[in-house]
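Following: one structure in structure tokens, then a few remarks.
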């Protein structure tokens, strides 16, 4: 067999070296004008969903992962999140039952994107799509309580959340307290009594008792226990 | 006596090309194969031999006319059990071993597991493939494929065996093996129908012959009869012919005498002339070595009939 | 049984085809990869693993169904292995049925492997085996059986390439058909509505076989709907296989 000779190996090495050098140069230069980061060309969810041929849920997942990266990237740099609301819109439309984009998305919109209306709209959509989930009305209540300081709105949402399965322990007493604060002491009292009766937690029991005493003293009827040990008047 | 194969007015047309032009491949075939014989189906490439075989085995449907096997329609199940078929240049599932292939086909012809095993061993020995049974078919040579093809055709111990170009691509040893097998099958009382374009094999093996040209059956009959038809000339081999006698006898000769060493070959036209010639030669005390009638060989017969025709 | 013999042979052929293993390995790698992907998410880890797992099974299963299905008949004709089979005492329909069942068996083996992988992963994350997940996988398998039947049908009369294109087109159409009907109802004129209706019933409604959402979220699964969807799929598959049998019966093998 004829020997390979020098030409081919030499050319081979030269090509490899050349392509490596060019790759390095391209890296330094940065290539074409930077591709738009984000989803400028993201189609409307209404049309996107059927086009995904049944894979909309997993696409929502992947989009959510991208959103997380997007937020992370911009937090470090320009702190601007122009496409966040749109992307969250699409993700939650593709999979309306995916809770995390609503919750964390709202947080991002609120505290990072400074778009409170968008955050509220997002959470409301989530609450409507997932009426059995406590997380969404809970987050809305929290927003109204902490940010807007609107007790009646907070109450409205937290009350809704309090009826849903899996809700956190503190919700019922938040609701009770807010009732008291918004001038509905009797409802507050009933709620505290209910709490007192049903809770297993000793701390909660004592807390409830304290609130009941306060309410009763504020409204004039002293606390007495009847025969069965119940505190009902 | 029911014919193993009988076709009546069998015609096949295909639609070819984009416009679906109709091409007639077989015209009005009236074939008859008799029980227990070896029938040779001759024809140039493209004559329609394979098409005929496919019509017989039910791989194609006739455009018109009929095919009957042992008197029944060729799609009849009970009939298919009595038929074995070896396609041309057979391909079998490459990913199977020889044994797996025969086992699979054995299941398809309805052999039970015990029977299958036995039959496979027997047939493999018969076709000299016992050693290669467990090799994958993709490793088989052409000759081996032909032989395993024959084995699968014989799985159900058929009464009628159809072979499409069984000798094609084989070396002389392979051809001899197939020839021997065919003779053996005939000895078992089976009917063998095979198509070929190797004429010496057909001449040797077949009882009857059919000649297909351009989709038409131009001749059908016993081999001898077809050849006996014409005695072209008679060659007389002589020696010790007195000089001068040859010129004298020249007007009886069809072609110039041929010298073969010490002998002379004289060619006369027919038996009548032969008698005269022999008389003169004997008178002249020449030595007569042989008088051989030259029949038109099947090959010449075939070539004569296979001249391109102007269409059916 | 002759159908069983043909089915097993088809299974054997598929199993000895290396492409199958390539696809399977790829699928399992992707499944494993999903566990890495979830680390860069915020929340929803279980959901993402299940979604990705189901999507993998669906996509790779479809690939296998199409790649193996389109050659079911045409490959045999092309390679001329079909001559020695069809000339045997078998009915033509037995050949088709056997080939189909063989491929379904192959799919079953593959899907079972992938399903085990996914259920195992889900079990590691959640600590339980969700019956909904199993049901979703079952329906994915049903969808795959349907796609295979489609590929089989096309394979009886067209080349592998064309069969692949037709099958994939119908796969896409099958998923879009429900949404298109909705669109037409809401936005379309009389003409589009009239055109869509027969198409909707003719094309396979693959969205009915999609239980992925139900499996991953705790959405209500209606027993009646499930059974009816199952039967719908079975009937449609039967129709496809029977059509394949009819076409194959009439075919000439040149």
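The letters A, B and C name the chains in turn, as written, and every chain counts its residues from 1.
Just so it is clear, contacts are C-beta pairs under 8 Å (C-beta built on N, C-alpha and C of every residue); 3 or more make two chains touch, one makes a residue touch a chain.
Computed from a predicted structure; not experimentally measured.
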Among all chain pairs, the one with the most C-beta contacts: B-C
Centrality ranking, top chain (CA atoms only): C
Geometric centre distance via CA averages, chain C-chain B, whole Å: 50
Chain A and chain C, separation of their C-alpha mean positions in angstrom: 36
Distance between the centres, which are taken as Cα means, of chain B and chain A, whole angstrom: 85
Residue numbers of chain B (touch at least two other chains): none
Residues of chain C defined as touching chain B within the complex: 2, 5-6, 9, 12-13, 16-17, 79-81, 83-91, 250, 252-254
Partner chain C, residues of chain B touching it in the complex: 14, 54, 57-61, 77, 80-81, 83, 85-87, 89-93, 95-96, 100, 104-105, 107-110, 149, 152-153, 156
Complex interface listing, chain C residues touching chain A: 37, 40-44, 47-48, 51-52, 54-55, 58-59, 171-172, 175-176, 179-180, 206-207, 210, 212-213, 216-217, 219
In the complex with chain C, residue positions of chain A that touch it: 49-51, 53-55, 57-58, 61, 64-65, 68-69, 95, 97-100, 103-104
